[in-house]
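Same chain, two partners: subunit A is paired with subunit B first, then with subunit C.
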Partner chain A sequence: MSTFASTAPLASRWTRAWSGRRRWPLVSAIGAAIAAVLVLLPLVFLVVEAQQSGWGEVRHLLLRHSVAVLLWNTVRLALACTALCAVLGVAGAWCVERTMLPARHLWAVALVLPLGVPDFVVGFGWVSIDPALHGYLAAVMIMTLSLYPLVYLPVAASLARIDAGLEEAARSLGLGPWQTFWRVTLRQVRPAVLGGCLLVTLALLAEYGAFEIVQYRTFTVEIFTEFKLGFDAAAACSLSLVLVVLSIAALGGELALGGRGRGWRAGSGTRRSAPRVALGRWSAPVLAGLAAVAGLALGVPVGSLVYWMARGSSTTLPSASILGALAHTAEFSAAAAAIATALAVPVSALAIRHRNRVTVLIERLAYLPMALPGLVIALGLVAFSVRYAFALYQSSLELIVAYAILFLPLAVVGVRSAMAQAPAQLEEVGRSLGYRPTTVWRRVTLPLIAPGLGAAFALVFISAATELTATLLLHPTGVNTLATQFWAYTSELSYGAAAPYAALMVGISAVPAYLLSRRMSTLAQSERTR
Partner chain B sequence: MSPLTIDGLWKGYAGTAVLQGLDLDVQPGSLTAVLGHSGCGKTTLLRVIAGFERAQRGTVSLGSHTLDDGRTYLAPERRSIGYVPQEGALFPHLSVRENVGFGLPRRERRGGSVEKLLEMVGIAPLAERLPHELSGGEQQRVALARALARRPQALLLDEPFSSLDASLRGHVREEVHALLREQGVTTVLVTHDQEEALSLADVVAVLRDGRIVQRAAPAQLYGRPVDERLARFLGEVNLLDARFEDGLARTALGALQLRGAHAEDDAQAGEGERAGAVARTGVVMVRPEQLEVRAREEDGSGEGVAAGIRGRVEQCRYYGHDALLHIRPEGSDGVAVLLARVHGEQALPVGTPVSVAAHGPVAALE
Partner chain C sequence: MSAVKRPFLIAFLASAALLALTACGSSSHAGATLTLYNGQHEQTTAALVAAFEKHTGITVNVRTGDEAELADEIMQEGSSSPADVFYTENTPVLEELREKGLLAPVSPSTLAAVPSRYDSVQGDWVGVSARVSVLVYNTSQISSSQLPSSILELSEPKWKGKVGFAPSETDFQPLITTIIKFDGLATAERWLKGLQANSKLYPDNETVVAQVNNGESAVGLINHYYWFRLRAELGAGAMHSALHYYAAGDPGDLIDVSGAAVLSSSSHQADAQKLLAFLVSREGQEAISHSHSYEYPLRPGVAPAPGLRPFAQLKPVPMTPAELGNGHQALALEQKLGLL
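Then we have the complex of A and B:
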């Protein structure tokens, strides 16, 4: 057979061949190492800072009576909110996915959209129309209304995928509809419910803004106050250690309850989606209930924003440029998104392609910030920069790095799933077709993971743009973002001036919430028509 | 065209040796099938040849060029070896045309050579489709065209037909076979399907425990496997005790001709035996289709087969085109149950008295 003119003879190419052991993908290794160091840095310096004052002092601080009160406040709030979110989320998902609910596509969007309103904006919405709202019950209500979509989303996805065969088998074995729901349907979606509940608990532990607004003292609020007003970094870091322990306890609780179990399915027959239940005379009450949830979670905050914007601004604070705040927000968020996405690529590439104990550990580390409140990461970075890199302290770089660490898990989730769409086999084929690894990466891998990179970038960008707690601690003096300016106005009760900033943040994060809910309903649709 | 030579290849993962000193020669322009159970190291072998994995010991060479000798190693993109993975592994973001042209220099990607390849594998009308819009067989053909586009010195096919429906498999297999013949490219195909290996390849190499246990033309492999395990892997067998005399095997089914080189060996051995006046004994393998089965009347009349033994049908598995009979011999000749393959129309009801004879040369097993 003749050879193409362009292919050089094998012999001359042999001389260029490289020898030795398979090269460890060096660039990936360096990137992953940076990610691991960044994630661990705040934790390490949190501990270093806490023990600066001596362990005896730490113990003394933690055994105060007020710590017991904080613990009680935090735990009872977490329990009540998580339980309520579970009930609301499961009930909502079941109504949308498994009943003949009128206009269910609209409900599917309306029930997810509250995710797009930052918790502190929900708090603002309620308190600004009823200043009497405060304390435990207000905190429970506001947090439940803003967090229940975290349970709704995974449960709805899980219900849409459930196989009708299981429920039919249960019925044929003599179980009634209610028994079937409890023993079969709910058992199938249990991992989704538990996963959602974990997210709710972690969000509650991390929340500062909403609780500050309703004057409810949890650990996070107390730590923030200790640091920002008391200027006591050691005390703040010591208290943060308790917060870290609480977060780890939440993770452990989910694991112990079997949250990582799969919704397994025996046999390999075609999956059929389960039939929908006719609501009949229950239609009106169900519709009223869903309307109440959507109205309270979405209508009240958005309505109050609109009201305050219509009222116009009246503030005693120096006037600030909303465009300037928007520009800073965009700049910091975009930089953080670029860094987080860039770090997520080597982390997930190594975890998928070169799976071993080290790379799996690095991947787990990359997920760690999900369990760490933003405040903890910010404090750790402050502790580090104040003692060892003062030039960094309150620089925009420090804030960007904090965002990148905080939202690295989101980037890894996005990039990892995309990376799984680009199997190593395709790269091998590319090489057998005569291209060097870098060329193959550019022509095969990059185009395949590009949508995932885009999604990861967008997720981190949006999360950073609406972050409040870490931003308040780390933003460079004199440089305001949407969140910090909103907070400054709200603290002065200048609701009219604060409203446009909140509206912008809602606008930024409503887009992905909407897209997420749309994708959910098309996903459910395609599962059904299969 | 260059021959592909593998010499004493060792390759293992995490302490388990997968390939243990494997030797294999692939003649230029031939199609060699590597046959083995799943997990026997077939894919590892292909990956070492392609350059995705590196040899630990031994050499892999193509013509006069060493690809890998355990120390120096040629990167996959420099080997000029085409690779068609199991499920085709088409680039999902590229059209059929772009997939086929992927390995070509930029200016040739839109040129006539891609068109010619598309025509050749019969997918020209699908050129603008994306891989997920193709059927399994079409994907296989695109993957093949893509691998052939760079005119590789050798082509590797990893279980290329196993992901296809049974109805489609035979068809695609025939087409690919014809195409490879026409191209005359040196091809190694790995499969766990003995029927596929026997029907497709010029040479079948059986991989077991990290080595090639036998390498032979299909008919020779089927008729004279090196051992009982291989005999059973390739199809059903009857094993009969035999005494070897004068190039014949004397068995319960009569004196049977010995097959191939062994007959000569045994003839020589026979001379030796004549001198010592001791007959050698052993085991011969008789394939079910070598048995001839006739129904007979209870009283013994209607016997058409001169030699052979009597028995009764104990079980009958009917497959349509043929049937497999389990026959329990009468008396105690030391033969347990005989398997006989007969035409579909000759499927006999259970309990039918039959007489069984063997024909054709048989192979002695070690």
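Then we have the complex of A and C:
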């Protein structure tokens, strides 16, 4: 463990931060420590597992010629998809938040909903429509359509809160509308765009289901193959180390590009929302464009589900379990969302209010699990619990914790943006009035970040409700979720019987997705009328 | 604003309460209970378990998953494995566990219920059901006179662009292993290269059979039951494909076996052996025939599902599941050619 030596400066910084005059609130520190331990746990066991095959074997695996192909496939997909998601997400958010788009509340919901469609359902839908669909372009299209909401959501939230002053100043200094957009508006939302892009990149690294269906081979697909055919967990874990490196690169890239910048405001007065742009003759093309995105992202998978349900099913499997599967899915996802949100609060609070190397490191760490396939995180947890916590093994609690670890980044993104926008001065005012820290937290901070908590909860809930690969490995014996049942039926070719399970997954994800978009638009409105 | 955040607050509190409930609520069953790790298609297992529970009064907790994932769990769990019985779609995964010493010997009377060539040589797992490797072809693109008598012909240039197969499926490596055994490693590699050049690759056999039926590929390498299942799902009227059996003894004409084993770590050895015995009993084997899984029961005298070519009429290559081993050589070859 020679890495200990290099963490020594961090450790001293930790103690300095702890004993320094800006003392961390104890609860936050404990919470962040729990989050860090949970995130590191599967990663440590990943390395332990990889080591079991011996470093010689690891080197052999990693230096195969097909690894270069996999690397190239993974990187070019991540670049193209992230760029496209950025364009689609920003354009969509701008149209909904900054133009007089007809029926924009409807669009606000429709553009978020694709998040609630599980990846394997998206892939399944596309391949049902066009069986010839496979390879790079298919992968880029399918993933862009299912991941762009991760950019859309933060950017829309950020656009809704932009201060009109800066844009007006830019216009008064002679910039045209396009130049104002490029040089002022876009720069203001840059942290949101980059944060969204980071999530897209990490999600792409971990994606399996859709790529398996369209036959596009990335590292994660290879990890699954190695594991399923070679029965080789060690090989799968060694290959995952490459994903860790790639995700660290993505995390560093986002930092380097200034993803942690802050918004500026003109003057110190109350924030004023920027006026909406009349679309005029652009109305028709913009509406057509949005309809195309929503239609492709949502219409194709949902349409194919409806088609399969209408065809009827021919399965002989007992079908009584659908309500049970629904209840389990909702229960596990909600519990995971609660834990992840609760953990994201201290992580974000420390990274923003007590920014130093340790707190930023913890916040960055929290993103790592998202880049790893659920299978790998699950393997790490299995290895851990079998050896050290057998009571937890195959318990609902372990599955819930796995979800919380896997989707912690989504919660951090939600909480972090709210925390960054909540003025620290208000908390200071509270303290100066003699309130105890807990009272300040309850009466000032919590109401300020409540929308962020809601967003975090919804994002984690949606992702957990559609998770398959970790669920298959960790679920309690005899307990099924919607995703595992869908999987069981499709592997029987019983698409008619599988479709209702997928439809329910989309259905229960639509609720938080809807609330998420409503929250944002109401928030924007309340600010506008303030 | 408070009106907006309330649903989330409620959801948050409700899920915290749920979490507390989840953490404390784990029920236990009274009476004899077995835990079955099931890598076999759920459909087949559900029918078998229901019959077994009715027959013996022993409750079976079924954990269904991908067989490789379940095998990994068993390896990780070691002596504390909750699993009593492991039932798989393929035998290589059982061989892997046998080599690691994790399986208990199967009782001789259970082994004797099916032909011994479908059992583990060491007697550590028993063959339960079987399926045969075939060629599915699109009937409007290929006439029966064009069909190959050997799987080896599919690497010839005349099949360019016509073949579909799933290189990552567990049913595919046994074909490579068989060709290696009968024709040598060099031939197997040449064949695989030619096949790769001629083929579209699909993620799984379900897709292969569906794409051949759609006309996306003219022929496809599958096990027979995928075609029957697709027909059951779509109806006979929507089938634009048919099955072709390779010539007698051809390496393509391979029997794949689904097997079951008792874990040596099981603390319910007697009941676990009962479950294994039931799987190969007349009643269990008939449950397989009637489950619409379209697999061949291995016990002599039990008829398969109607419509299947009788098992006795199959003239497979003489290759036993035990000879297939754990299939690592086939995997290495696929990896060398970039198929995996």
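FYI, the second predicted complex is superposed on the first by the 340 of 530 C-alpha atoms of A that agree within 3 Å, B and C clash if a C-alpha of one lies under 4 Å from a C-alpha of the other, contacts with A are read in each partner's own complex, and residues count from 1 in each chain.
The rule we apply is simple: a contact is a pair of C-beta atoms (placed from the backbone, for glycine too) under 8 Å apart; a residue touches a chain by one contact, two chains touch by 3 or more.
Keep in mind that this is a model prediction, so the values were computed, not measured.
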item	value
Which of subunit B and subunit C A:Val382 touches, first, second, both or neither	second
Subunit B versus subunit C as contact partner of A:Pro423, first or second or both or neither	first
First, second, both or neither for A:Ser66, with subunit B first and subunit C second	second
Of subunit C and subunit B, partner touching more subunit A residues	C
Contacts of A:Leu433 with subunit B and subunit C, given as first, second, both or neither	first
Of subunit B, residues touching subunit A in the complex	1, 47, 50-52, 54, 62-63, 65-66, 71-83, 85, 89, 91-93, 102-105, 108, 146-147, 149-151, 153, 183-185
Interface residues, subunit C side, partner subunit A - complex	1, 4-5, 7-9, 11-12, 14-16, 18-19, 22-23, 26, 35, 41-43, 46-47, 61-66, 68-69, 71-73, 75-78, 80, 82, 93, 96, 168, 170, 173, 201-204, 206-207, 209-211, 214, 216, 226, 229-230, 232-233, 291-292, 326-328, 331, 335, 338, 340
Complex contacts: residues of subunit A adjacent to subunit B	1-4, 6-7, 10-11, 13-14, 16-19, 22, 421, 423, 425-426, 428-436, 443-444, 447-448
Subunit C partner contacts - residues on subunit A that touch it in the complex	64-66, 69, 127, 131-132, 212-213, 215, 222, 225-231, 233, 313-318, 331-332, 334-335, 337-339, 341, 375, 379, 382-383, 386, 390, 393-397, 400, 450-451, 453-454, 457-458, 461, 472-473, 476-478, 484, 488, 490-496, 512, 515, 518-519, 522-523, 526
